[in-house]
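Both complexes below contain chain A, partnered by chain B and then by chain C.
Now for the complex of A and B:
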């Protein structure tokens, strides 16, 4: 008996963290798994139901090493589906907190800050949905200065801060400014318009959207990004300046963003750009942002075709 | 004995503030005249364009050219001074990026004339007047420069050696640049001079935002009482500090006004307004998607705010006139 009183179980520890208290309401129906985009697209081993079981069965090591602990981006698509109304992402966050305390760290390829470029403006701190970056004071050449520092265990690798950083001080492997600009180059043909598509990988339907994207010829360049929030108006304008005829940015429908608010931030950016283009009376909307819902099969083809049609009409002599 | 270096100052489409910043040098101007000859300065001394035309090519050592290119006279002088100068410096925001006159690129020339000559509230009645390039008078034909449809930066009409930002450039930086120029210590051609590498945010000492802060509504500076010690963005006031080069000595911030962006984009930024728009968008509260449009609408005049001094130099402006 005394043994039970002194040693806290794994489940007790999780329940003691705010958000973790609903753990034991789970009866393992697996509805959460059926809703989860990570399980469908990224990691077949990803399974919230199983993680919650592991906690209840005191499988600490297995839980801390499970991708489920680390990959959950708190999109909360599972939350309204759960018949027991368990805020599953909050339980997973509690497990992650214990994992970090136990010395485990994220397997994700997270963002990094180049301190020689960082001005400590704090834009990234406000932009991040996960409060991963924060400002720290540091002495450089005898002067105290502010820099951004990223808590890698909070970072979900969405790239929203990379787009928000005014000075390009933050980068993420694979989608740094340089790497994206390099991909923008399109083989130009005089007669047909060129189009660059920045597409959020989460708004794609694995089964047929990929083959739709691959069906277009070389004048349509598809650049995969972790979230539409990774793209900023300057990137879109740089593509146009490089001679590309049009830029299509595809993100998720509001409420379905894998990174909570990435798609809404893109809405803000793109509406500001649209307003400025209107203000200067350019009347030539060659940058378009579309939000594609998980159920909208084939929408991507419609959007690309309609964009190409607009660009074609523009190219034809009047 | 070596001949004294020759300096020239010229104003194109500008307000005159850049001229005032030079006179602000005060008695130091006398020191300048000891070691250099000022050979052309329409704002302060009586020289004619013909005096410049009669000079040999590359005769002027340094020309400080302020103002945007708004009309045919501005452009003609830009080409003339380029030809006569060893080093041509775009001096001040207008020459560097189009400045405030560059905001006219949001309109066409006819709608501007309509406003000025027909609908301005200060007019008693419209007489339908329009500027005419050539008109016959009893004394003979008189000419006016042609007003262009597009405001251009100096570098959009001729080759520029250095860019010196500021509206106007602050006097301490002017003095530093004069000294560097006369001592032959200017950096490689094409550089921005008389400014810092850092951004305004980097040198601003106001308290930065707290974790978790988001903006629900933006305010213009006159609409709220501004905390002099807190970051403007944390007060919902748009500040160009995150994207703007420092070196101005922060007179606006010290006067409790947000940075307006006159020192131009910081190193590594290609388009000041577009980059500022992405930084500002990222700090908007997106919890309530329905309220987003209202928050966005509280940003009055995005182009005029984000590109206040750099519209003529922006990618969207260049696309418009392509």
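Now for the complex of A and C:
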């Protein structure tokens, strides 16, 4: 009997890429599928279990065309839940690498850099969780200079770089600075406090919780952002300056961020904001950052109510 | 249990622990700790008057702490024997019980633990299993969400003798749940916690669903599963019945349970694999079918009993197919889940088998053992001259060597299993193993390496694993080098350094040192001894600058025929990659070094004769072959 395999299977190729070697342990339990939030929030066809299966069954084309290959943000929510200890995002990344090599490209709409504004400072390079932007030497308008360029197949469209760029040179469709600022304007009623909520697209798992957001009157304005890391302190200050009573920023619990460390970046920014608020002598307790875990059904209501209560207490004359 | 208590030849010792086991088959001395009950067993009639007056209530562990008991108590009303005992950690010494007991005078606060030693012919271990604590799995919220319970809690809650008299209520509000989910494989088949399958959860999950449905056909029950395993007679039919009753089976392993903080209702997030969709359903109550795990004291008990444990911690049987109820130590048997999770029918079958095996011992005057036991040459043992040594007794996995400074070591033959560890470990060659003497092994080696030894790969295989692996490679027609020459010993522990040196002295091209994977070792810890020695040898050969790969260590199970073939082919490739002159030169270069290490070998009784005799034999073979 001969045990030589002359044809390299798709599975062999995936396993040859570091991270891909876990592939064959999958017994198709489906835990990762319901743990991951992409299927519920973004793409019903998204299914890591099925992608792994496609690789094992040599379904190369189907795998390369599957949204699972492209939408996984390597948040690793599924990894600690997998009973077979499969590093699923690493397997998916291996498939993606082969897909890119085969000439496929991401269906995600990613960020763009405005070269007329980019100063080549490289802050976006440091901020991005995915090593998508890099600095390149380029001739623009006859001048050789450093510019940021974003690898679209790496960019997951979190918008962290958009918030990080000091010159506003990067934008992401739907959540550019302008579009967010436009939403900040809240109908103000004298009797009740006004509140702006910046909420990341991923921290509320349950539909029930999302409908809670809709259940408040117009003085509570909800602004959806891809990641809490998309918010820079100025946005909150702008809201306060515009006469809004309070700002609530909601992101994922550390370790559960859909964009790896977006929520940690927000934690740093928020402590910076505290200092700034102190300096410009705005009253405190008006800006709050909360990190919500995937298991915390109903927490959003508690947070909004307690914020409104605090703001109410401030409004009432002593 | 009641029958057992009535049978005059069965002496039940409740509240008693095994502290020490000495001796050997038919002649064990077992030390028992009879724990103080503070109640005199012969006087207590189980009336319970004491308990009713006791003012102290603590959670009852038997009811998984969901019901109380008194400080003087029996864990349940059907306890056998029905004798009360006092939990001294809870007792406040009000002595109301003494008063209530009255003229029976059964309560005795002066009792202390008692150590007793008994002569025992055979031991059956039936210590069962324990339960995985699911609170470490944050995703299921056990311990945080009141209406998430374990299967054991369910067993008490729907039991007519349980704390609610069989009325299933949910802990948050004592209401009867209408919509329930059961989740299988909680902590089992899960590499993070317990790799193995717990064997009976699928069936008891279905059983509990059927029971609840029979009590109230309106309840809605969903069982979340990865696979439903029904591998016994009538089980699949039972599963059919459950489906006909309207119990839902959803294939998909839930990733998360969330709770509505107001209603305490629960939401299960799972993929429904049949639909290929993520689903989220609301339930009143959820039962987690937690993994069966070894008893927390199983490691300690295995050293008290001197038996081995399989991967995962269960007691290891002598042979998985042929002797599943025997331990590796003669006279000790296993019954039930302590040897691996199994349901009641399988536990009873194994228990009956173990009892009849134990009965054989009790009815025998003599006990037959394998003839391959170790024997000491007392005149060679240095301990007799007052030198301290005892390496043999350290090596023996069974404690079969009776060693004391000042007298020659002695093997307790009835305890010896014939692994040969002591034989190979004794630095003074004072022990031999019947049927596997150095001389016999040497004679085989010389015959195998008689012709063109530098082209041969001498493979030492252990009887139970790698020999089986080689066998399987053969019967499966996995091709491997024809230059392999196999040698069988019982255990890798018997693979004496002298044999390996001698192989190289005789000019062997390569030597394989192979045996079981550590967890498969037939002789408890024999492989560990073999592995340690092999590693030492490997360092020595490295220092001698032997070409890497000419000495190879490989642990190969009887099921790994492919691995055996692969290892041998890799070794052949090492030889193929060396020009012949270079190999011969290396063999010659190393000869003086290995010979130096072998200086004491010819003194081993029989070895010189084996050398002389096999030389004549080898001459005979060679002459015959060249004539043909």
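Following the convention adopted for this analysis, the second predicted complex is superposed on the first by the 299 of 318 C-alpha atoms of A that agree within 3 Å, B and C clash if a C-alpha of one lies under 4 Å from a C-alpha of the other, contacts with A are read in each partner's own complex, and residues count from 1 in each chain.
Heads up, the rule we're going with is that contacts are C-beta pairs under 8 Å (C-beta built on N, C-alpha and C of every residue); 3 or more make two chains touch, one makes a residue touch a chain.
None of these values were measured; they are calculated from a predicted model.
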Three-chain arrangement built on chain A, chain B and chain C clash or fit: fit
Touching partner for A:174 - first (chain B), second (chain C), both, neither: neither
Contact breadth on chain A, by residue count: chain C or chain B: B
Touched partner set for A:33, first chain B, second chain C, both or neither: second
Contacts of A:107 with chain B and chain C, given as first, second, both or neither: neither
From chain A, separation angle of chain B and chain C (C-alpha centres, steps of 10 degrees): 130
Which superposed partner A:83 touches (first chain B, second chain C, both, neither): second
Partner chain in contact with A:232 - chain B first, chain C second, else both or neither: first
Chain C versus chain B - closest C-alpha approach in the superposed model, Å: 19
Doubly contacted chain A residues - partners chain C and chain B: none
Parts of chain A lying in touch with chain C, wherever the complex brings them together: 1, 3, 27-35, 39-40, 44, 47, 49-50, 78, 80-81, 83-85, 205-206, 208, 294-298
Chain A-touching residues of chain B, taken from the complex the two chains share: 105-108, 198-199, 201-202, 208-209, 211-214, 231, 233, 241-243, 266-271, 273-284, 286-287, 289, 292-293, 295-296, 299, 301-304, 306-307, 311, 315-320
Residues of chain C that touch chain A when the two form their complex: 138-139, 141, 185, 189-192, 226, 251-262, 267, 269-271, 273, 276-280, 476-479, 562
List of chain A residues in touch with chain B within their complex: 117, 119-123, 125-127, 131, 134-135, 145-146, 160-161, 163-168, 229, 232-234, 236-238, 240-241, 254-255, 261, 264-269, 271-273, 275-277, 279-282, 284
